[in-house]
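Dropping a structure here in structure tokens format, bear with me for questions.
Labels run A, B, C and D following the written order; every chain starts at residue 1.
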């Protein structure tokens, strides 16, 4: 068994040495396809990370247009606190609101000089538990808030969130479609390359069958070859991905945000890197298999 | 001559019919590569369009902290107008500034009620000629402005512009690198596929040479075949690109901006579409050529 | 060893390559199959190593009905049979050594065993000094002898040789016939297709003559 | 027509296929090149159609020194020469018709001319009914005859035939020899490599015998 395995591996290696350009074609094709799929995966993962980060900031604000009586306010706050979705309620007084506003204006804050501190309404900033930070079910919460804080303005980043969510879903769909297409294309090209290889060696396959080789004996080295090429392809893809990540993605993000330190991009974790390389092996084996199926019928 | 051409075309077509899967492999590889390059081109073109649009809004603002005397103001405005870079100078009075500020606050405008109309400083909004809307040379202009409008605050979107410009340059570089890599990969794969095809038909090439066919006679149908496959690949890429554009890019932009009508995405113009298809033909011919070079030496 | 019952083979509707052929070849026999070009000699041999299925009729090899066996069993049938193909079927990208070793490796033989046997087989056909060449670097007759070495190296139960001396001069052909006869003496059943009357005149054995896919004579010389 | 001056050919350093060969074959001659397997017959022919360059010496074909001509001129040399290759060199993926037509198309002949000539050539070798088959659907002898038809269809100035009857029975071989003799009568110079003594005994012509790459005899029968 071991002896046979060594024989198979030797034959696979010899074939690869004998047809270096065929081998390179398969490896490169797989590497390109895997790199593209993985790059897209990285982009989607990082955009999703961003969404989650932004979702954390999602909160509902009740503007207290007419300052309520302190007792009414306390009761309102405590009944809001009791709601399951609510993590925290912070009361922002008009003075605090003004301070925040001033901060937000930054350089232009000077133009607020002389403005009455009471001019801005107070508000209740309601932070939600993580699992409720999404649009589904938000309507219910809003309805309940409306009864509790009747007469006051209730705001939350609905518009912005809706837009961003639809963006992410389009991105995910694109990723799925494009990734699927690329993988399919890679499989097609790899399988064709290997089929061509077989075609170029059809006499070898025929003669093997004629001198009494079993199908398994004929096929195994080719499958091994496919697996090896896939392994190389996967490793090459990992290398290319690292370069693309370090050289391009990180650069783009740095050039867009001033403080990239706050937002560190995710790379594939060890597990995912393994999946990438293993995906190459699978691609190679599957490509060989589909080509082998039709070829041996002597 | 015409008779010969017909013979060559017939042979090329027959070959393609005889080896449909080889033909499909080449066509698909080229289509995938071209589609990717073109997609990237579209993204870069559209981002650049966006940059230009944004650059149009680039203007220098001089905040008139202490309202100058009308005569001083008129003189300041006219001397600024004389500068070569300046297209237009608009004087915004404190009342107008307040109105704009109110508009920008939108829903929160109510909180400006009771605020004095004179509280905001007046300003001079200086629009620049298109060719000066960039960071280079801006320092000079600023220095000159500083002497003219001494004592007033001068602002312009430097930070933002710098960041965005570096983003665009990274994107362009990425596009160049990735596009180059993809084209190279496509050329490699196509040339390999065709080389494999030749290898599978090496007996044919050998026998042709042995019965007295000239090199040109042997090569021409293969070059034609490459060109035809490239043509199909290019057309397929154009189709795929249209689908990607309509189905994905436009969707993404729609989901990100509320008013996409104002910003219509660019697709390839007729000229560029021709270049894409012709690029396919070139790819096919070049792929064939590189493979043919080594093969015929009998 | 080999039995054919009413075997008919037609590759196409309109033409018949073998017509209602019945034949029995015993264990250890040495048989010539003669006939003009296109008589059906190669077709007959191809059916014996299951490269072709008969359109009608049954074929028994070593008691096994090979018209009924599954695809997976064919390799095991072929291991009993050494074949010298009319067009040699050598691998041009492999060395002479590898070409011959191939047949043994395909049957799962051990490495040390392979190298010993290959060398011996090449020596018997007089080409042990061509070990490292590829078939394309050999003359036509040398290629034919490599094909013969490959068929003999596996010590087959049955040897099928299709025109094995077509590219050999008389001296070498005589040597090769000696090899076949020695294999025959060791118990191998030999079936030799040829159109060369000189061959069976010099080494008279049972002679089955085909014409148009039918047996026209089956002659056994008294001397054997 | 064909002149060789001190031609030596060694494929490898250690072995010589042809040794200091000088030879002259006149226009319209019919010559056998005989010799054992590996004597150098194929090597000699290969050099005549410029598939191989001599290691030393000069070769003149029709007054042209082919050891000196450029790669681009070789096709035009080959158009004067019809070759029957020892291993046929047929295209297995093309029909019989296409295989023969190939030689004419490669020389840029017109379509109507091609079809007429191909049909006639196939008829002469007795295979006009195999027009649409591929070579793999033919017997060994039939393939050989297609190769012969392809060599003759171009009406060559010189015909080089390498073992053209190796897979043919005597009746067909006689017919083929008739074709060669007719071509010879029309003015074609014929060089026929063979190891079959029967052939030149039945059709005696000038006989050049090779052994180990050297001419060991050059015999002209009185009758011709």
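Heads up, the rule we're going with is that contacts are C-beta pairs under 8 Å (C-beta built on N, C-alpha and C of every residue); 3 or more make two chains touch, one makes a residue touch a chain.
Everything numeric here is computed off the predicted structure, so don't read it as measured data.
K.L.:
Count of steps on the shortest touching-chain route from subunit B to subunit C?
P.N.:
2
K.L.:
Name the chain whose C-alpha centroid is most distant from the C-alpha centroid of subunit B.
P.N.:
C
K.L.:
Centroid of subunit A to centroid of subunit B, CA atoms only: how many Å?
P.N.:
Once rounded, the distance between the two centres reads 25 Å.
K.L.:
What is the distance, in whole Å, between the centres of subunit A and subunit D, each centre taken as the mean of its C-alpha atoms?
P.N.:
Computed from C-alpha means, the inter-chain centre distance equals 68 Å.
K.L.:
Can you check how far apart subunit C and subunit D are, centre to centre, with Cα atoms defining each centre and the answer in Å?
P.N.:
29
K.L.:
Distance from the CA centroid of subunit B to that of subunit D, rounded to the nearest Å?
P.N.:
Going by mean C-alpha positions, subunit B sits 63 Å from subunit D.
K.L.:
Is the chain-to-chain touch network here best called a line, a ring, a star, complete, or other?
P.N.:
Shape = ring; chains linked end to end, path closes on itself.
K.L.:
Could you please write down every pair of chains that are in touch?
P.N.:
Every pair of chains meeting the touch criterion: A-B, A-C, B-D, C-D.
K.L.:
Which part of subunit C faces subunit A closely enough to touch in the complex?
P.N.:
It comes out as residues 49, 51, 71-72, 74-79, 81, 83, 85, 89-94, 102-103, 105-108, 110-111, 150, 154.
K.L.:
Could you pull out which subunit A residues touch subunit B in their complex?
P.N.:
Listed in rising order, the residues are 21-22, 24-25, 28-29, 32, 36, 111-116, 119-121, 159, 163, 166-167, 169-171, 174, 177-178, 182, 185, 188-189, 192-193, 195-197, 199-200, 248, 251-252, 255-256, 258.
K.L.:
Report the residues of subunit C in contact with subunit D in the complex, numbered from low to high.
P.N.:
11, 35-38, 41-43, 86-87, 137, 139-142, 145, 162-163, 166-172, 195, 197-198
K.L.:
Which positions of subunit B touch subunit D when the two form their complex?
P.N.:
It comes out as residues 3-4, 7, 18, 201, 203-204, 206-215, 217, 298.
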